[in-house]
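Listed after this line are the structures, all set down as C-alpha cells.
The same subunit A turns up in both complexes below, where it pairs with subunit B and then with subunit C.
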Partner chain A sequence: MSNALMLQDLFFFLPETCLLVTGVILLLLDPFLPKEKKSFLGGISVMGILASALATLCLWKENAPLFGHLYRLDPYALFFKLIFLGTTLFTFLVSFRYLSLTRLPQGEYFALILFATTGMMVMAAGMDLLSIYLGLEVMAISSYALVGFLKKERASLEGALKYFLLGAFNSGIILYGIALLYGTWGTTHLSEILNGLSRGEATSKMFLVGVAMLIAGFAFKIAAFPFHMWAPDVYEGSPPPVAGFISVGSKAASFAALLRLFLFAFKPLFAEWQGFFVFLAMMTMTVGNLLAISQVDLKRMLAYSSIAHAGYLLIGLAVGTPFGISGMLFYFVAYALMNLGAFAMIVLLAQENFRAESIEDFKGLAKAHPVWALCFLIFLLSLAGIPPSAGFIGKFYLFAGAVQSGLYGLALVAVLNSVVALSYYFRIVRNMYMMEERSSLAPSRSWTLRLSLILLAFFTLLAGLYPVPLLETVRQAGALFL
Partner chain B sequence: MLTNPFAFPILSTLCYLPLAGAFFIMFFFKRSWTGLIKVFSFVVSLVGFALSLLLLPSFQAGSSEMQFVEKHSWIDAIGVSYFLGIDGISLVLVLLTTFLSAISVLSSFSAVTVRQKEYYASMLLLETGMLGVFMALDLFLFYIFWEVMLVPMYFLIGVWGGERRLYAAIKFFLYTLFGSVLMLLGILALYFLSAAPEFGIGKGTFDFLELSHLVLPLKPQLWLFLAFFFAFAIKVPMFPFHTWLPDAHVEAPTAGSVLLAGVLLKMGTYGFLRFCLVLFPEASRTLSPWMVTLAMIGIIYGAFLAMAQSDMKKLIAYSSVSHLGFVMLGIYSLTPQGLSGAVLQMINHGLSTGGLFLIAGMIYERRHTRLIAEFGGLSHKMPVFATFFAITLFSSIGLPGLNGFIGEFLILLGAFRAKFLYAAFAVSGIVLGAAYMLWLYQRVMFGSCDNPKNQILRDCTLREIVYMVPMIVLMFWIGLYPKPMLRLSEASVNHLHKIVQTAQPLR
Partner chain C sequence: MTLLPLLVVFGLGTLSAILTISRRNPLHSAFYLILTLLSVATSFLFLKADFLAMVQVILYAGAIMVLIIFVLLLTAVEEVKKIPLFHRQTPLALLISGGLIAEIVYTLLQRRILAVEGPPVHSMEALGKMLFKEYGFPFELASILLLVSLVATVVIAKKEGPS
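Up next is the complex of A and B:
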C-alpha cells in the first residue's frame, strides 16, 4: 500500500481519531487539574465531539474502503456516526450537573464515554467480522465501567457485574460464531462472504450454527427477547445519563452491525431467516411492553420500553425493504431524541439526597414546572407513537414496511403493542398533570441540561411535523442495501 | 375540486386560529389573569365561528365537489400532501364545531375554577383537532388530526373531570387509540393497494380524492372496511363498543361532555360517510344489514340503559348511544333520505344532547350532584331553566316543530324504503326515547320541591341565557325551516348515494 493511500485512510478515520485523542488528553490532564477546575474537562470533551462531528460532515458523501477493506466509509456509516456523536453530545450536556451533584470523577467518565463512542463508530463502519468485533469490545468494556460508576451503590455494582459477566459470555458467543464462519468460508470479510453466498455455494451446518450464534450475540446487545433480562438491572443501576447513553448508543451500534451482516453479507439467505426475525420482533415488543406495565421505577420502565422499541426496530430487519430500512434508520434518530430526553428528565429532577427515579416522583410536575412537564409530555407522546412526533413517523414507516411485505400479522401485533405502550407511558403523564405534588420538586438550574431538554423536545416535534430532510438523509444512508 | 375563492387560505386559518390562541395563552398569559384568559379564549372561538360563517356565502351548495381546497406537497417521497377541503357534509360539521366550541368556552366561565390557563388552552387545542378531522382530505393528515385530538380531550377529562376522572380519561384514550391503530393499518394497506397498477391508480397516494377512484375486489374491501370500522365504530360509539362513553361523559367537565357528544362522536359517523362509503362501496352494501342490525341494537339497548340510570349525565350519555344508532341506521339504509337525515341528525344531536349536557352542567354547578333522586319540583324555583330544559328535551325526543323531528323523520323514511322491519324497530326506539326523557323531566322538574337544598336554587344567570338562547333558536329554526340546512349537504349526499349504489367491485 502506498503512503498516499495510507494518508487518505487516516484522513477518513478522522472522526474516530478526534474522539480517541480527546479521550487520551482527558486522561492525561485529569490528574494535574485542581479540583475546582475539573469542569474544564467537560469543555474539552464537548470540543472533541464537535471536532469529530465537523470531520464527519466534511466526509459526507465519501464512499471508500479503508485499511485494506477492513473498514468502510459510506453514507451509512457516516449517518450512524452522527447519531452516536449527537447521543454523546447530549449525554455530556446532561451529565455536567449530575457529575458535580454526585461528585463522580469527571475525567474518566468523559474519557470512557468517548472511547465507547469510538467503539460504536467502528462497529457501524466495520466491513469485516473482526473489525466489528473490535468495535463491539471497545464499546462493551467502556460501558461495563460506566454502569458501575456509582461505586458506593449496590445497585450500580450489581448492574455492572451482571452486565460484565453476561457481556463477556456474549462476546465469547459472538467470537465463536465468527470462528465458525471463518471455518466455513476461510474469510471474515463481509463482501467475500456475500460473494460466496451469491455464487450459491452450499451452506454447511457449521455456517448456520455460526449465524445463529451471531444472531444470539447481537440479540443480547440490542436487548431482544429472550436475551433481554440484563437491561432492567443494568439501567436501574447505572447513572441516568449513562443509562440513556447505553440504551441509545449501544443499541444503535449493534443494530448498525446487524444490518450490515444480515441485509448485506447474508442477503442471499434473506428468505430463510426472515421468519425468524419476524418472530423475534413480535416477541421482543410484546414482552417488553407487557413487562413495562407494572414497573414503578422509571429507569426500569424505560428499560422495558427500550426492549419494546428494539422489537419495533426489528421490523425493519425482518422486512428489509426500502420502507423498512428507512423506517429503521429514521427510528434510530427518533429513538435517540425521545429516549435521551426521557433519561434527561430524571437528571433534571435529581437532587443531592433525592433521586427522581420513581414515576411517583413526577407527581404534580405540571403545576409547579409546566415547561419541563411539557417537554416530558412530548417525549412520552413520541415514545408512544402519537403524532405529530418523530416517533410517529418512524413507526409509520416501520409498520408500512410490514404491511407492504404482506406481514399483516406482524403489523397487527405491532400496532396493538403501541396501544399497550401508551397505557404505561401515560401513567407518567397522569402523575405529572393529574396528581398533587408530593414532595418539593426542584429542577436543576444547569443551563446545558435545560438547553438540551428544550432542543431534544423541539427536534422531536420538528421531525414529526416536517420529516422530509431527515427522510432524504436516511434514504441515502440506506441506499447501500438496495 | 373547487379552489379557494379567498385571498388567504381560509380553511388553514380557521383550523389553526384556535391553536394560535392556545399558544398565546400558554406562553404570554400569566396564570393569575383568569378573566383575561376567559375573555380571550371566548373571543378566539367566536372569531373562529365568524370565520366559518364566512364560508357560507361563497360555498356552492349545488356542487358536490370539494371546495376551498388547499393542497401543498408535504412528504413527497410517499405521496403525502397537506390537503384540506370541505364539501357540504364537512361544512355543516365545521359550523357545528365552531359553534359548539364557542358555547362550551362560554359555559365554562364559572364551572372551571382550577388551572384555568391550561383548561382554555386545551379547549382551543381540541377545537383545532376537531376542525382538522373534518377538513383533512389526505388520509395521513386525517390520521394525525384524529390522534392529536385525543390528547387535549384526555386532559380535559383527566384534569377537570369528576371523581373517577383518571380511570375515565385513560379508558377513553386507550379505547379510541385501539380503533385508530387498526385504521392506521387500513390506511397503509390502502396506500400499497393504490400503488399496485391493477386497481386503477398505479401510484401510492394518501390523497382521498385519488383514492376514491380505486377499484378493488370485494374481499380486500371487506378487510379494509373492517380496519376502518373499528376506529369509527368505537368513536360513534356503536354497540358493542360503547362502554367507554358513559364513563367519559360522566367524568368529563360540562364543556368536555358537550364537545364529546356534540362533535367527537360525529367524527365516527363522519368517518363512515366520508371514507367507508366512498372507498369501500361494495363492502358497505354487502355489510349494510349487519351495520343496520348493530345500529338497531344500539338504538334499543341504549334506550333501555338510559331508562335505568340514576345519574343524569349517564342517562344523557346512554341516550347518545341510542341517538347515534339512528344516525348509523340512516347511513346504512343507503338511501338518499336516510343519508341526508343522518347528516341532519348529526347536527341535531350536537345541539340537543350538547344542550342537555349544558343543562345538566347548570344543575351540577348549583348542587354538585347529578343524581336524579336528589331533585324534584325545580320548575317552580327555576322557570327559565325549566323552559330551556323542556325545549332541549323535546328537541332530543323529536317533537314536531323542533329539529330532532326532521332528522328522525328522514331517517325513518330512508329506513322504511330500505326495509320495513328497520323502520319498525327504530320507531320503538323513538317511543322509548320519549319515555326515558319525559320521565327524567318529570322526576327532576315536577312534583313538590321537598329537598331543602333545592329551595334556594337560583334561576339561570344572564351568561347561561346567552349561551342557551342560540341553541334554542337553532333548534326551532331547523325544526321549522330545515331547507337551508338540508340544502347545504344535499349535493354531497346525493353524490355519496350515487357512488355507493353504482360502484362495481373489480371482478
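Up next is the complex of A and C:
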C-alpha cells in the first residue's frame, strides 16, 4: 500500500490529466484573449477532449491498480471514460452555437465542464469510497455553477440554488454513509470490504445504515424515486447543452459508482438488496413516465423522461446477471446518444428571442426542415425504444435480462411503461409531422451543431442496426462483475 | 514540566473567553474568540494531543472564524453595538453554566475520566505519512476539488460584463 504516488501510475492517469491541464490552460488563457478571439477557447477544449480520448484508447487493454489500489484502470472504467468523453465532446460542439447566442463567458464554461468530466472519470474508476466521493464532489460542484450560468434568468438561478442545497445535503448523507462503512470495516477500500463480506463476517446494523445512506445518496444523483424532484427544475433552469450534459454524464457516472459498489464490493449480499432495487426500478420508471405525460415544456418533459430512463437502467442493477449488466452498459451509450440529441434540438431552433423549449415550438418542423425533423424523430424513436434504434436494443437486453432472472413482474411493468412513454414522445412527432407551421422556424447554421446532430442520429441508428461491436465491447467492460 | 506555562495558557484562555462575551464590538469578540481557541489548542498540545491541536487551529481558528468574521463584515456592526449586552435571561444562563461547571468538577473529583494507556502516539506524524503515501491520490484530488470550488464561486459571484 505504500508509495502510492508513482510516476508510472501518472501515465495511466493520462486521460484525466489531459482534461485537467486543458481546463487550467483555458482558465489562464481566458483573461488575455481579446473578445473576438474567445472562440479559440472552444478549439482548445475540443483538442483536450480528443487528446484524452486518444490516451484512453491507448490504454484500452490495460487492467491495473493505480495509486496503491485506490484507483483502478480496467475495461469497465475505460468504457465509462469513453462515454463521458463522447458526452463532453458533443456537449461542446452543441455549446458553441449556444454560447454565441447567449454571450456567456466561455473560458469558465468549458473549464467547468472539463473538470466535471474529470470528476466523472474518477467516480467510474475509483476503487475506494474516498476516491469515489471526491470525484463525485468535483463533478457536483462544477454542475452547480454550470446550471446557474444564465445569471439573468430567475429559473436558472432557482435551479442552481435548488441543485446546490439538495446536492450539499446529499453529499453529507453519502459522506455519513461512508463514515459508517469505515466504522464497520475499518477500511474504505472496496476490495477489502468485499473480502470482509465474503469471509461471512457478521454485518452489523451500522453497516446496513451506512449502505442505506449510500443508496439514498446515489439515488438522488441518478434522480431515482423518491429523490427525483430536483431534476425537472434543474433541467428547466440550466442552459440546454448543460442539461444534456448533466442528464447523461452525471447519471452515468453515478450509475458507474453504484454498480461498482453493489455488484462488486457488496456482491455477497446481493440477494438481500435485489428486492429493493426491483422496487426502486419499478417506482422510478412509473413515476417518471406518468409525470412526463402532462408536460408542455420540452426540457421538463425530457427531465421526467430521464427519470424514467433511470428506472430502466436500474433494471440492470436489480438483475445483476452478465446479461442484464451488458444491457445496462449498452443502454448508457444509447441513452447518451439520444438524450444529447434531444437537447441539441432545442439549441438548433433557439434564437435570440425564441427559446424553442416548448413542444408547441416544433409544430410543422417536418414540412419546413425535413432533415432536422427526421433527426429528432430518430432520437424520439430511440427514447421510446422502437426498432431500429439503439434504444430498442438496449431495452430489449434489459427486459430480457429481467425475464431471464425470473423477475417477470419487473419486466411487465417495464414494458407497460414503454407503452405509456410512447404517448408523450409521439406528441412531439405529431407536432412535427401533422401540424401546420405556426411560426417561421430557422434552424441554426452553426456547422458544429449540425454535424453533431447528424452524427448523433447516425450513431443512434447504427447502434440499433448493427449492435454487434458495441455489444462485444460492453461484454468485456462488464466482465468485472462475473 | 513546570506548572507555570500551563497556568499561563489556561489563564489566557479564560481571560479571553470572558472578554469574548463582554465586548460591545462583535468584531473584537470574534478576535478574542480566536485567542480563546488558540489557548485551547495550546492546552491540547500540553496533553500531547497534537492532532486535536492542529484540528483546533485549522478548523476553528481558521475556517470557522473566517466565516464568522465574513458574516460580521456583512452586518451593520455599528447597529449591533447599541443592543444591550445583558438581558433578562442572565439568571437562567448562570444556572445552566453553573450546573455544567458543577458537573465537570464532580466528574473530575470522581476520577471517572478514562486515562489513555500506553506510550504517547505521534499522531501527526502517522497522519502525515498516511496522507502523503497511502492516501496521496485522494489528497491530490482534494486540491482539484478546491480549484473547482474556487472557479465555480467566481463564476457565480462575477458581475455580468457589458455585452
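Criterion: the second predicted complex is superposed on the first by the 477 of 482 C-alpha atoms of A that agree within 3 Å, B and C clash if a C-alpha of one lies under 4 Å from a C-alpha of the other, contacts with A are read in each partner's own complex, and residues count from 1 in each chain.
Please note the rule applied: a residue touches a chain if its C-beta (ideal position, glycine included) is under 8 Å from a C-beta of that chain, and two chains touch if they have at least 3 such contacts.
Source: prediction; values computed, not measured.
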| item | value |
| --- | --- |
| Fit or clash between subunit C and subunit B when superposed on subunit A | fit |
| Touching partner for A:Gly196 - first (subunit B), second (subunit C), both, neither | neither |
| Subunit B versus subunit C as contact partner of A:Gln404, first or second or both or neither | first |
| Contacts of A:Leu381 with subunit B and subunit C, given as first, second, both or neither | first |
| First, second, both or neither for A:Phe426, with subunit B first and subunit C second | first |
| Touched partner set for A:Ile141, first subunit B, second subunit C, both or neither | second |
| First, second, both or neither for A:Lys152, with subunit B first and subunit C second | second |
| Shortest span in Å between Cα atoms of subunit B and of subunit C, once chain A is used as the common reference | 39 |
| Complex contacts: residues of subunit A adjacent to subunit B | 366-367, 370, 381, 386-388, 392, 396, 399-400, 403-404, 408, 411-412, 415-416, 418-419, 422-423, 426, 430, 433-434, 467-468, 471-472, 475 |
| Subunit A partner contacts - residues on subunit C that touch it in the complex | 132-138, 140-142, 144-145, 147-149, 151-156, 158, 160-161, 163 |
| Footprint of subunit A on subunit B - complex, ascending | 74-78, 115, 118, 143-144, 147-148, 150-151, 154-155, 158-159, 165-166, 169-170, 173-174, 177-178, 181-182, 184-185, 188-189, 191-192 |
| Subunit A residues within the subunit C interface of the complex | 1-5, 20, 24, 27, 66-68, 70-71, 103, 105, 108, 111-112, 115, 118-119, 122, 128, 130-131, 134-135, 137-138, 141-142, 144-145, 148-149, 151-152, 160 |
